[in-house]
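Heads up, there are several structures right after this.
One chain, chain A, links the two complexes that follow: it is found with chain B in the first and with chain C in the second.
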Partner chain A sequence: MTQTISRRHFMQAAAFAGTAGLSGVFPGMSFAQDGRKLTVRFNRDFDSLDPGFYVGGHPNNDVNWCCMPSLVHYGFRDGQATWIPSPFVESVVARDSTHIDFRLKQGLMWSNGFGELTTDDVAFSYERMTTSEWKSDYVAFDRVDIMDRYSGTIVLNQPFAPFMNTTLASGTGIILSRKATESVGGKFTTEAPATCGPYVYAWTQGQHVKLTRNPEWTGDAPYFDSIDALIVTEDDSAALAFEAGELDCTQISSEALARYKEKPPADSALTVAGALQYMWLGMNTEHPKLKDLRVRRAIQSAVDQASIIQGAYAGTAEASYGVVSPGLVGKRDSAGYSHDPGMARSLIEEAGASGLELTLRTLNNQERILAATIIQANLAEIGINVTVMPLDAGPFWEMGQESKGDTWKDLEIWIMRFGSGPDPYEPFQWFIRDQVGIWNWERWSSDEFEELFKMGIEEVDSNERAKIYTRMQEIMEETGAYVWLTHEPEVFIHRSDISAKFAPSGEMQLPYFSRT
Partner chain B sequence: MTMDAVGTFRQRPEKLALLLKNKQGMIGFVLVVAFFLSALLAPFLATHDPAQLDIPARLTGPGADHWLGADQLGRDTYSRVLYGGRVALKVAAIGVTLSLVIGLTLGMVAGYGPRWLDNALLLLFDTIRSFPTIVLALAAVSLLGPSLNLILSIVIITSIPSYARLARTSTLALKNTEFIMAERSLGAGTFRILFRHVMPNVIGPLLILAAMDVPVVVTIEAGLSFLGLGVLPPTASWGTILNEGYLVIRTSPWPVVAGGIPLVLTTLGFTLLGEALRDIFDPKLRGIR
Partner chain C sequence: MLIYIVKRIGLAVLIILLAVLALFVMLHSIPGDPVSIALGPRATPEIQAAYAAKMNLDKPLFTQFLIFLGNVLTGDLGTDVFSNRSVAKTLLGQLPYTISLAVASLGWAVALGIPMGCISATKPNGWLDRITGLVSIGTIAVPSFLVSIWAILVFAIHLNIFPVIGAGDQGDLADMALHLVLPSFAVGLGWVGYLARMVRASMLEVMGENYIRSARAFGLTTQTIIYRYALRVAILPTITLIGVGFGGLLSGTVFAEIIFARPGIGKVIYDMVLNRNFPVVQGAVMMTVALYAVVTLASDIIVSILDPRVRESL
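This part shows the complex of A and B:
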């Protein structure tokens, strides 16, 4: 007997299948969470796992913390973000202000036959960092004294208060295999020559990173058998994917946060990972159009921060008054200037800069473009004509770096956002004299700032550190090169039965995720 | 062919009557006229400055002050849609006109000129056609940064081969006709032959193609602006209105609706009008695109 399928039968079957899927007849079709599988979102493709020569932050750190060892991780004590011993160590103890003793767990094996994780790998990794692009994290590092195959002592050349929190616990504290790294010439990007962690990864460029249990891992087992990190660049697409059940956890935009605060999706929870992002409008103090301090001061007074927070961030971001983020020592409660278009106009007239034409460069994403549009309107009010130039991440992150071309010479004003670790030292390292042409795109320097920077590193008293970092922000502000904008919270939405752990800098600590 | 052209000229009132009787053509004609009028009269029809910020009014729905609501920065969506039409009109008018003129000229030269020149121009046309417009635009924007002039240039460059190939084919068919040979034997120069005798006979199909090309050009501009690669802030374009609206669609659907409807109606209008003109003036050209 033969059976034919008519168009009507086909349509009926398709309609049934669609209805069944939507109504939950086949629950596996409706939600990403099945078994011990987790589906999360990366908001961009990862580009390197090499802690010495990578961009840092999400998603590179997210992958690194799954597949690579480090001595400490981020955790919380008494509600405050701080470091905790990682699953790779028996113990980590700060013996005094310049000595940190550690003992690695035995039997943790590197992949690809590169042997066991040893103290020599720790020494190699940290010594390597002192000549890397992230050497400023290791400014106080002197050496690792090797006691035996598993024990050692990190020796600092001076007290360095943020060493545990902003160096060892962050992405730059990742440990590499000496043999494996040397076998590939000392550097790598997305293909780590050897991994050692609870997960191994497989990357499909532009699509996803798949993390599966490492069969060689002998440490504490993570909860999830596999984690699929889908690369979804658009925040709103990710929010839709979460609502459709395609994602278990995703970072969300300020617009979505405002919406979810009013009406959260079913079975969901919001978690604020931290607000350690600081965004500002930067100005190139060496550019002929901006050399006059009065012009820069005018721009400071012209920009309406409140409108940016409301218009571009739906009121969900916190006002910024410096580079020190909320909750950290040295956070300021106000800036030394205020929104005063009248004063800004006077300064512009005084400087003879009316009709000035400037180019404002920004990352090509919705919130930055909206912020740029508001700044453009603000500056138009004082007689400065601004052309907004949206850029993709590649050219944007290279535009102020002398090693990446000549764009830095034409750089005028830009919207920039950095993230930091949970210590106020970290943001200041990007603005010292050595960083001019690297990350100090404003291209200024100050002897007092340099001196205070050194003092801040050695000072352990919180009150004294607060004074130092407050003064440093005042110096930055007095250059006129900064208009403080926002501290954006890193907010994630996830299934309510998922216990999600995040670094205070906003990365997902995936090995610590579990389902309750 | 000359007789045909003259005949076509004499029959214009009849053709117009045919257009008026054609329902789809009439709908297209009305939509196209509405598009032109709204774009040209935008400064008079707009109720607000399209770039004027009004943050407290952000994402408000339609009302007496903002007829189509306001966007994230409180800008009046109705006014932005009207001004967005001016961008679409500018790109369509300049893009299509220049493509037509350059394509027509190059096509006639290829068809009438020596074989080696024909081959060289054909190679050039085919090379340009091998680049998908959007991909070429993305590459150019990555290198040079987004701007309306860049979009225009891309549109013109990628559209020229279509016009040129059509003009070349028609010119080749005319090249050895008796009236052209007669002109040549009477000592007429190449310029005179091409622009006095060949052009009037090949331009008809190109005009129809141009009408059909307008919606393509409008959607290319809107598409690139949607991707953030087109017009720069604060210029309003239907693509940027859609992009900004899409990200807040569940908070306020009005920007997407307001940006989408004119785009749909305009492309529909030009398509219907172009198809009607094609059917009326040259039924043989059905299916050329």
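This part shows the complex of A and C:
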């Protein structure tokens, strides 16, 4: 271990992961040499590289960012996750709220003889996305105006501030070769008809993806000559393999994180890729037992967030104060309530709800059950008896959806965790009025919230966006329907001499990896 | 003999059909909407609808079953809904790894377990019998996943002599063999005990037979009696056990495949059940049930060749 990481430093690490990637330049450009091999872990097999018709996320994006072009990549600026120009472009500039000018580098060639990467490929790729399974990412996209072979302008049909972060920098912003894609009928899965990037890939199903230098690549060279991505689904196996020296980098579970913080393996370092998960205790505001705001406020004050973080997550998760995750605009530093059992008891007495019986539903996994048990004890202190109901993924994910049956009517309180993209717009979309009975299981709505949601989409100024999203979280909190719990970090362990770069959503940006 | 084989094949086909039906019913009885589970909360209604259509989930259950059966009869195990790859191609790619693990595991278990059983039976209740008995019960009792973790900690992390994960580089037989050591040790250890106890019990029974006493009277050595005459008969139930065990390992090596991150049929089934990727699960179980039936059929035929009395029992 290169250094001891205190809890505070550990949490701050998220803000610094990848700061060197601001320019979008691969690290090995001036000194590439033979024999540089990296072995990393993919925690599942990849299923498709076609951004229009894939499941998304890790490891599809990890491979795509090695072998396919995009205009922008993820990086960090001033401690916040944001987009940076990719090594495929000379420039990317947001001219105004609806026009993004870009200029591609010249001489970047597609494999299999499909010619040079051009503006036409960019236009084809984005237009294709508007009719794909991921078309919701492109609702604001109108067209690409082609200036010449390498220059163009992306035109949006309305101001849409998250477009760069949630669309272009994400996996759905990947660019395909028009000729190659059309030659295979317009779609593909694991065998891309043409690639263009610093690496080429070879996939053995269920075993590994081998990435080797692309001999046709004329852009900046990455540091590593070859990267073996071994498919290891079990976190514990991956941790053991890291300790045995078979992996150079792997994502780890919170359990392993707690262990490694106590006793780290030799020559290792921990890096937080991001903490874009947000977990809360939700309450059904329409349920007769919870209709009284005072009861919901009492529950907010009764739950001891610090005990949950320590007891269920061994201190490895960050305290949450809303749905905006660390590193994003609008992240709050405190909640509008605090742990105060005395106040909670007063509110319960005032509401005449002493002896209330509630059912707490949660996914059946170790951390959630522990968290539920702590909440059960917290609420018992103020005279609320809680029955914990663990559920498997199937019934859990449909219990609040009106289209899936009547369980939503009986829903009282539950522990929920959602994931977000690297833009604050994303989490709020699940809580607008249209989402009541779909993903807004708390079943509230607010005109002010709806108005702010629209404003947030169109606002490009970071300070203004921060104000909008802070206020939206206050509105959510004022309903009494939310007790903010945690942001679980995506943590990787790697050799201490490896400089690792990650997307805030937890994917590895492998071309940016290097050895120090 | 021919009638026996025909009857036995008919039974195998019936078993396969019933197993597929049972699997289909069970998979669709799991609570929860498979589309929501597979795609997660962010999937749009369009993606969900496309997924449901791909998996034929928008059709009645009976129709889904008929589609599946019809495809199977034409040799089509379906298409992976995520990657669009042929399920048969996917499974055939994994099968050699599972077979090699099963063969290696049972291979070393047979090589050690059968002699252990014979030695125990030679002098029952002697000190050697007691030691092998203790070892046998011990190997049966220790859960395989514990053996796996223990083997990794000792041989991979502390001694650093065997690799932990993967199946080795394709084409590099030495590397692939090296990657087989720990998983096959973990899978096979329990079988050592089973086989030793089974052989010991059978041997003790056979050693009391008249023809063995006659052999002794003719002055044959104990070694000759055991390995040439007694073991030939005593091994029959063990062959059946090995056949059943091999069939079971085709999908039962899942824990080793997961812990050691090896490719294999069991791991495919595990991953695909979690993803609700029904076509692959159905295809994989279909394939393992078929292989199981073939392997047990083969072991039954071998036994019937060695012991003609068995042919009368079906």
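Before moving on, here are some points about what is shown:
Please note the rule applied: the second predicted complex is superposed on the first by the 282 of 516 C-alpha atoms of A that agree within 3 Å, B and C clash if a C-alpha of one lies under 4 Å from a C-alpha of the other, contacts with A are read in each partner's own complex, and residues count from 1 in each chain.
We adopt the following convention: a contact is a pair of C-beta atoms (placed from the backbone, for glycine too) under 8 Å apart; a residue touches a chain by one contact, two chains touch by 3 or more.
Nothing here was measured: the structure is a model prediction, and the numbers come from that model.
Within the superposed three-chain model, A:392 lies in touch with chain B and with chain C [touch as defined at top]. By the touch criterion stated above, A:307 is placed in contact with chain B alone, chain C being left untouched. In the superposition on chain A, A:136 makes contact with chain C only, while chain B stays out of contact range. When the two structures are aligned on the shared chain, A:364 is found in touch with chain B, with no touch to chain C.
In the superposed model, A:255 makes contact with chain B only, not with chain C.
Within the superposed three-chain model, A:91 lies out of touch with both chain B and chain C [touch as defined at top]. Put chain B and chain C next to each other and count what each touches on chain A; the higher total goes to C.
Residue overlap on chain A between its contacts with chain B in one complex and with chain C in the other: 234, 236, 392, 395. Contacts from chain C toward chain A in the complex involve residues 30-34, 36-37, 39, 41-42, 44, 46-47, 50, 80, 82-85, 90, 93-94, 149, 152-153, 156-157, 160, 163-167, 170, 258-261, 263-264, 267-268, 271.
For chain A in complex with chain C, the residues that touch the partner chain are 44-45, 47-48, 55, 133-136, 189-190, 204-208, 230-234, 236-238, 240-241, 243-247, 392-398, 401, 404, 418-419, 430, 439.
In the complex of the two chains, the chain B residues touching chain A come out as 51, 53, 55, 58, 72-74, 142, 145-146, 228, 232-234, 243-244, 246-251. Residues of chain A touching chain B in their complex: 234-236, 253, 255, 258-259, 307, 310-312, 314, 364, 366, 369-370, 372-374, 376-377, 387-392, 395.
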